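Every chain is named by a letter (A, B, C and D) in the order it is written, and numbering of its residues begins at 1.
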Amino acid sequence: MADTETQREAVLAAIDAVAERLSAEKSYLTDLDSAIGDADHGANMSRGFGAVAEKTDELDGDIDDVVKTVGTTLISEVGGASGPLYGGSIMFASQELEGGITAETSVAFAEAYLDKVQDRGDAQIGSKTMVDALTPAVHTFKKSIEQDDLPPLTALAKAVDAAERGVNFTVPLKAKKGRASYLDWRSVGHQDPGATSTLFIMEELLDVASE
Amino acid sequence: MKKLINDPADVVDEMLDGMVAAYPDRLRRLDGYEVLVRADAPVDGKVGVVSGGGSGHEPTHAGYIGDGMLDGAAAGQVFTSPTADQLNEMVKACDAGEGVLCVVKNYEGDVMNFETAGEMAAMDDVEVEQVVVNDDVAVEDSLYTSGRRGVCGTILVHKVAGAKAAEGAELAEVKRVAEKVVDNVGTMGMALTSCVTPEKGEPTFDLGEDELELGIGIHGEPGTQRADMMSADEITEHLTEKVLDDLDLDSGQEVVTIVNGMGGTPEMELFVVNKRLQELMDDHDLQVHDAWVGDYMTSLDMMGCSVTVCAVDDELKELLDAPADTLALKR
Amino acid sequence: MKKLINDPADVVDEMLDGMVAAYPDRLRRLDGYEVLVRADAPVDGKVGVVSGGGSGHEPTHAGYIGDGMLDGAAAGQVFTSPTADQLNEMVKACDAGEGVLCVVKNYEGDVMNFETAGEMAAMDDVEVEQVVVNDDVAVEDSLYTSGRRGVCGTILVHKVAGAKAAEGAELAEVKRVAEKVVDNVGTMGMALTSCVTPEKGEPTFDLGEDELELGIGIHGEPGTQRADMMSADEITEHLTEKVLDDLDLDSGQEVVTIVNGMGGTPEMELFVVNKRLQELMDDHDLQVHDAWVGDYMTSLDMMGCSVTVCAVDDELKELLDAPADTLALKR
Amino acid sequence: MADTETQREAVLAAIDAVAERLSAEKSYLTDLDSAIGDADHGANMSRGFGAVAEKTDELDGDIDDVVKTVGTTLISEVGGASGPLYGGSIMFASQELEGGITAETSVAFAEAYLDKVQDRGDAQIGSKTMVDALTPAVHTFKKSIEQDDLPPLTALAKAVDAAERGVNFTVPLKAKKGRASYLDWRSVGHQDPGATSTLFIMEELLDVASE
């Protein structure tokens, strides 16, 4: 594994890439949220990661501290459902990175993150939320590393693939959680915004990791 | 769509400054936060009652700050729950040592952020209690879903909790009466048009000239059902029956009713709805103690309305009638 | 365009019944007339203060009925002055023998019908005086034209005249203070959209997505000028400068300001306007005694706002601050 | 001249014809009023004459009483500017018909009517109001009868013609009176609604008189 400074730079690069991507996808995410939510997911996510990207000079210390600050910044900038879900889960999972980013700590981070999202939001797979993208991604990542012994980058690529299937899977579902649940059967046929933003973030992580 | 704004990103911030500029003797903004509190908060010897949520529902929530109602209101971005640290600052600013009741509308974002804020405030030794309002009868309640939304009935919770706190009651008592309202109130809403958020600048959903949405919330989301255009009387009947089915009241029960405008509906039309609503209350042999009509809980410029019915006993009547001196509600 | 109505022909009638159904302890409808009066009208020993005009400006006028403001309000068809016989009935119902002041907005229809009503009432030995409000600075005043319209400044006249009458002052005194407001108030309005009347069911005028109207009245008529879309700050500056140019106040003068919504504007945006308005008052070295923000004088569902500035002396300040207990304004 | 009963029937026929015409032209008049007023002139006029037409059984007594009731009914049904102008002027001018309808009393009626409109409304010719249709019509009618000795029907036809010119004349004017005056120069290029309804009423009177 690379030294702390290299890892820190990779994390900062990832933050920039994610911020840029979410800003580029702002109106797409908002359109998804217009159909079955309240038309703010794009604004929420790009405001949140925009704030994180502007704070990169404060992002020093160990990797886990850097990631924790990402989480707390999201908590205090995003609001809505996605703020505590994204921010709180990143903050919580950051503890797993105490020893830096390795294949093992990455799996632990991913698991802790998923746990916290489910703990907070109480959504199951099939509730038509970000959980539907996250669960297959985390499961795939864990198995690729722990059982199939694949290199982390390959494992991450497979996880992105799984997340994308999860996103597509949300389309035909009737929502049980989040604002889309208020629509009852009218949520069927629409893609979940939070699952989509989860996928976008993972795609950027893969992109940066591949460099 | 055109709006009287400068930049969508600044609208909440400028609104809050504009409110304080209008009522400097009543309202104070917490420095660096999107939170308004009573100019004299915290009020000595009184439990604090606070609320908050996404902006775009004006006069909710800051319009209800004042004697006999709220001590503080946190304003998130449009339709986005405020963040936990904003809520935490509000709670702290409104605690005079007697504890604080948070009135939360049942949305996952609001609930999660208020919970976190409560935990944060508890770490600072503030006694915090929550009541979660979920009066929207359009959405089915179930353990496995997000449940019902908190909508216009929330105003009655503010009023009752605020009045109880003004009496000098302790936190548990204030919470008890707030929950009594939650247990006895139902609301059903409809829209003739979508609203337009400053960020998106276009209607959140499209609705034909001969269609309407039933079972809408207050965030510009489509309703549970699209229907053909109806007359005001038919609409009122539909909304009222849904609420009464849910509440299942005994004949002779006393109630308070609200016809709430969604922001873009001329007041004229709200009174047309109220005319039919009061006839229906009569038909159902319900005793109307008070009938409220106005824009209490809005969705920006949406055209439409909601009907709220709340069963009241002597205690609730007294608290609803008690004095209140806020911008949007005076008793 | 869709509306929460049954039949356009019935909307005023049903609105009035819906108002009485909401506030039976405060309002009474004159049998067979489209007139609401205080439930306890005429009030013994008090000069009556009444107003009236076309409907569609709610809460104007009936929303201002109550202690410290109006005794009666006549509601014409939408945007159509009430007829003289309606006005006459109102005047008679509000006369306790001390005479009645009619607050009239300067439109030919209103003025002619109120004049006829005054003549009719005089024949019944009711002492009647009129004050004609013409605060709209958009229109040039001239002997050879209809002159300026009466718009949002009318509310201040109601407030001041109502407070003076509540003190027990005689008719001439009530008229004097009403005229003092008229002499010191100016208003300028703008629209982002036209309104839609129930009868026509379509926008009265078309406005592009990048255009606005300046110098509008309150009847859905186009303004004196069409302009390219501007920011809230620029709009506020334009309106305010027009009003201040007209009033030509000394530095240090005390004023009351109003940001009035035209009906379809979210309250959020009115506060954004108020923020800039208060900054401008500061820049002009005017002392703001009170800043009102809200929907006081609307045009159905029109999006837009008006800015009112009224120079006040000690007498007007006292009367504006005096208690009022009406549906739309409480002090 | 015809006897009172025949005259009464002619007046009732004229009321029906006018009511029908104004109801048919309701949205046209309202469109004219949308452009430079407040979009209610069609509703006002058709509501007013609709009410008159429904009252025909109350319209008994002498001709002048019948016509007076037309005026008072308009006063109490129309409101706005047109209510007192039409209703009040008809009421006032009805006195001239005490002796029944003759060429002479018709001229007197028309003159009294115009006087009262100008007295109430204070509009001059060229103010872009109903006065612009009325004035040339009344002048033409008077001259045709009193100086040219034309039969009343011919005189009325000429008056209608003059009124039509007056209506067209309002188009290029800048309004000085009525709501259109608030528009300043923007009123130029639009036809005045009240002048138009005046023409329509006169056309129906001519129509009924020709039968």
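As a convention for this text, a residue touches a chain if its C-beta (ideal position, glycine included) is under 8 Å from a C-beta of that chain, and two chains touch if they have at least 3 such contacts.
The shown structure was predicted, so the numbers you read here are calculated from the model rather than taken from an experiment.
Colleague: List the centre-to-centre spacing of chain A and chain D in whole Å, with centres computed as mean CA coordinates.
Modeller: The separation of the two C-alpha centroids amounts to 75 Å.
Colleague: Between chain A and chain C, what is the separation of their C-alpha centroids in Å?
Modeller: The separation of the two C-alpha centroids amounts to 54 Å.
Colleague: What whole-number Å value describes the gap between the mean CA coordinates of chain B and chain C?
Modeller: Roughly 29 Å separates the two chain centres.
Colleague: Centroid of chain A to centroid of chain B, CA atoms only: how many Å?
Modeller: Between these chains, centre-to-centre, one finds 32 Å.
Colleague: Taking the touch definition from the header, please name the shape of the chain graph: line, ring, star, complete or other.
Modeller: Shape of the chain contacts: a line, open at both ends.
Colleague: Pairwise, which chains touch?
Modeller: Those chain pairs which touch are A-B, B-C, C-D.
Colleague: Which residues of chain C touch chain D once you look at their complex with the stated criterion?
Modeller: 54, 76-86, 107-109, 112-113, 116, 136, 138-140, 144-146, 149, 197, 199-200, 204-205, 215, 217, 219-225
Colleague: With touch defined as at the start, can you tell me which chain D residues reach chain C in the complex?
Modeller: Its residues touching chain C are 27, 30, 34-40, 43-44, 47, 75-85, 88, 120-121, 176-179, 181-184, 186.
Colleague: Contact residues on chain B for chain C in the complex?
Modeller: 1-6, 11-12, 14-19, 21-23, 55-56, 58-59, 63, 192-193, 209-210, 212, 229, 231-233, 235, 263-275, 278, 291-293, 295, 298, 300-301, 303-305, 330
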